[in-house]
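The following pair of complexes shares a single chain, chain A, combined with chain B in the former and chain C in the latter.
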Partner chain A sequence: MSDHPVETRDLSKNFGKQPALCGVNLALPRGTVTGLLGRNGAGKTTLIKCLLGLLQPSVGESRVLGEPSTDLSPGVKARIGYVPQEPVIYPWMRVEQAIAYQGAFYPTWDRDLIQQLLRTFELYGRQRVGALSVGQLQKLAILLALASHPEVLLLDEPVAALDPEGRRDFLRMLVELVADGTRTVLLSTHITTDVERVCSHVAILKEGRLLRVDELDRLRDRIKELRLTATRPLPETAPELPGILHYSASGPSAVATVEGDVAAIAAQLGRDLHADVAVVGLSLEDLFLELHR
Partner chain B sequence: MKTLWPVLCSYVRRWQFWLVLGLWLSQFVPFVCFACSGRHLSGYAFGAYAFGAFTFAVIYVAAAVAVQTKEHLGAYRAALVPGYMRPHLAAAGLWLAVALLPFPAVARATGHPASGLLGLGLALAGLAFAGCCRGGWRAGVLFGGCLLFCLPPVGKAVGAVAAGTAPWAAVSLGLLGLWFLADTVLFLVTMDEETPGYDVQWRGNLRQLSGPQARRGMFAAIRRLDRQNSLWLRLADVRMPAIIPFLGDSRWQRIRHWRRAQPNSALVVVTGSLTWLFMFAVQYGVGDGHVSPSIVLRNTLWILVMMPPMAAMQSWQTRGGMVARELTYPVRRRDLILEQGAAILLTVLLAWLLLVVTIMLLVSLLPGVVPWGTITTAVLLSGPWQLLVVALLARLATLNSAVPMVAVLTLGAAVGTAILFGCLALDSLPAAAGVGGAITVVGLLTVRSCYRHWLRADIA
Partner chain C sequence: MTVPAEQLLRVFPSSGVPIYRQVMDQVRGLLLSGQLRPGDMLPSVRSVASALAVNPMTVSKAYSLLEAAGVLERVRGTGMRVSPLQAEGSASARLNELRPLLEQVAAKAQQLGLTPSQVREALEPYLEMLAEGR
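Up next, the complex of A and B:
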């Protein structure tokens, strides 16, 4: 059994001449929840669709549960759950019919879990799918994705349309789901606080390229903000030091975002600039913004 | 005038306009030829033909105009932008007039009475406009009226009104149509989100040229009309048990399951037969038990060529947005493509077979209506033609635009009819069989190419 249920190797996808993904190398360890962050158009949805085999890669390959995404077997597909950004569920069916329709394809369809989720999400079997609100539709899509106890869960902005209570319920459920350490989740979202709450790993995409992929805590340890204070004006350009992502100075104060051995860089900067250095941790949102400067 | 022109142009810029124009012309041009042919038909026979032709033309246009008008006036802009409503209502009125008035004008120019057509046209336009904007009983009156028209006495009465022999009825119908139009305009200018009927709309119909909505489009939108009370939805409920057992590896079971997700597949299958029966009944009723073989033949050929591909298109529009989702179900991609294709082909095949059987049964019961040789030629050619057109439509379905599909559907009908008439002119069954065989080979090759394309195409 592979330790990386989701893998991509040099994955690129172009739409015409427009590149959407460029050489993405990603390997998600089993039992982790990875937050996929990126601006609009960064390629998050394209990456997830390539993983599912909905889009054919232009170059490279992706594998899910050991099989190439372009030719997933029914056995592997039965172990994958997917919540799309815009759920498309048969609008003419009732909720119970949509559940039964999809359930007919899955050998591990859990009717008890469905009943529990219906109660949690306050959905009713007799409701017409076409008459559901966007949030309710999203809840139904989440329910459909979870009901087969998937080993790999690919979530494309699943909570964007949910109210705070629904979001909280969903995130709690996600934590419970991965608690046994056998499931792997890729969660694409814009809400960095959600990633901080539930994700063990984070992958950041920028213009189709994977900027960083790491454990969230390690990434936070590796990227910090340094606040420098000196008795005389500091230079406006950053000193020639490896690991400085961003630097700005204003008079005797400067702020630098650094990556790597933070303590060593801080000590070096303090020595070179004759300044006092305070190391400040970054929130995921700040970290994301720093990487997108 | 300054604001009216861009609004008028907004209709022309949408591809559906050209489809509706094509449908309108397909009714209007034969009507002009018929009216100018100098035939000395009895009054109601002319009226029945004229009514039959312009019913469809007026309903297409009124429905399309209603959709666009409601789309414009249901937007927040209607309440915020000064002077927004007037040009939109004026444009709707102009387009309706452009669709409706040429029929009575041609009738008058060719020496036929025009008042009846005008009255009936106003009634139809008003009903179609009101039905599409508000749904509910107004739409019911329109569709119910069309069904009633199948009854010979009703057909005859309407034919008589159209022929101008019942002026009081024409005036009453005209006033009724104007009342419907005025009532609907009042509804449109005063509606807000809480007004009953506000959310009745053919979503996606005239929305945009490309994108996923365009694939769903016009036919699927009919199903969404009056969503909660639709008979079709209730039929879908009946077909869809609450608990469905695990399908496993049974291909046939899965094909049947995919077909369950076409909510009105039964209706699609019977539409061709019902339309043919409807047209036949109209001719039979109007002709007082005698039918004009040429008109029956024309209807038969047109329906044989057109209806099954339209069913395929409908099937696709129902399923188009769903295939990406279904691709994530535990089914291998090549199996899913084979099964989905088979499900659509099965629908088309059933529609075509039912139509052929219906025609043959009726021709057996009423001998002499259409010669058996003609029917055989039509069967030999129309069946393979469906295969080719459906394969072409399926091949184009992965594009983000519905325009090529509509073009193939329209051109397919034209070319298919031309081939059919050509073979009829040859009056040789072996020749028809040869052409049918050649079309089958091309159709099968297209199916294979389509399958290969779908194996590697982006479906998202």
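Up next, the complex of A and C:
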């Protein structure tokens, strides 16, 4: 069996004439947590819905746990957890009923874990779902997704409505879930510091295309900022050198964002421009913004 | 004994320094400051990951790199222990910790056109201050 529990091949999706995903090739290795980043409308939700078979791709295909997304068996569905951006849970149910209702579909339903998550999230079995706040509803959705110990967990902005404490609780739960190294998680979010904390990999979508997908540490080793200082004014346009994503100079100093063998590029730039070069690591947020210039 | 290092470790995700690096640097720092001692057990990967809310692989990567560097050693079935060998922390090992900072100082001094003796002189009062503090 493939050791990529989540895979897409040339996955494209159009809504009418509007392309939402263009030729996405993604393979998530087992045991990894991948942060899915992208601006609003970049295609994050569309990608997750295609993976779940909730949307039909226009071209290409995707597979989850070895089965095509468009034809997932109940057995495989029971091994997938999903937290939608806007959870839909029957408002007339009580929390405990919603849990029992969903639990009926999963052979691996963990009642002890549910009790623990209810306490952590300060949810109560007797509460009506319809009376929950947006944040509480999101917590309930997370609880429902985690309670079956899913092998594949697809999370579509699961923490958008949570306060910082709730977010931290969620991250801890996620860490607990993945600690055995067999779960595969795809987490779409706008909160880059959360990705830096819990993700091993990162995938960046821009206008439906997969801009980068890599190990987080590797990506951060490969994309850095260089600060150049010289004794004479530096050229205003970037030198012809592969790997320079962005360059701007003012007088004898310049800033460049580079990608690749950073040390080599830094040395080359230093020689070409007769400048001192300092290499600065970028936060994921800065890195994301650099790739969207 | 096991040190509750998850209370001593702090990570800053957006600092630009990868989290595994931060964990490594902090374990080294705890050793140098004596808060971690030779033979101390480190908390498990899982408990550090959960306490800091970071990916377990990140913690495990930091531990493995520290093991490769001889700072930690793996105790079968138990976890990671501060290596007794580098226990005392030889003077050269401790100097190694200082090296990146020294390189920065030297480079900056050169940019500013300072002479070696000027730099030595500038450093002197700081060292004296520490010596008096004892």
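The rule we apply is simple: the second predicted complex is superposed on the first by the 293 of 293 C-alpha atoms of A that agree within 3 Å, B and C clash if a C-alpha of one lies under 4 Å from a C-alpha of the other, contacts with A are read in each partner's own complex, and residues count from 1 in each chain.
Everything that follows uses one rule, which is that a contact is a pair of C-beta atoms (placed from the backbone, for glycine too) under 8 Å apart; a residue touches a chain by one contact, two chains touch by 3 or more.
Being a predicted model, the structure only gives us computed values, none of them experimental.
Chemist: Between chain B and chain C, which one contacts more residues of chain A in the superposed model?
Modeler: B
Chemist: Contact-wise, after the overlay, does A:Tyr124 reach chain B, chain C, both or neither (first, second, both, neither)?
Modeler: In the superposed model, A:Tyr124 contacts neither chain B nor chain C.
Chemist: According to the stated criteria, A:Asp286 is in contact with first (chain B), second (chain C), both, or neither; which is it?
Modeler: second
Chemist: Let me test your reading of the model: by the given contact rule, A:Ala78 touches which partner, first (chain B), second (chain C), both or neither?
Modeler: first
Chemist: Could you list, by residue number, the parts of chain A that touch chain B in their complex?
Modeler: These residues of chain A touch chain B: 49, 52-56, 70-78, 80, 82, 84, 88-94, 96-97, 100-107, 109, 125, 128, 130-131.
Chemist: Using the touch rule from the top, collect the residues of chain A that touch chain C in their complex.
Modeler: By the definition above, chain A touches chain C via 31, 33, 168, 171-172, 175-176, 178-179, 181, 192-194, 196-200, 216-217, 220-221, 229, 276, 280-286.
Chemist: Residues of chain B touching chain A in their complex?
Modeler: 223-224, 227-228, 232-233, 236-237, 240-248, 257, 260-261, 263, 321-322, 324-325, 327-333, 335, 456-460
Chemist: Using the touch definition from the top, list the residues of chain C that touch chain A in their complex.
Modeler: 11, 13-20, 45-46, 49-50, 52-58, 61, 107, 111
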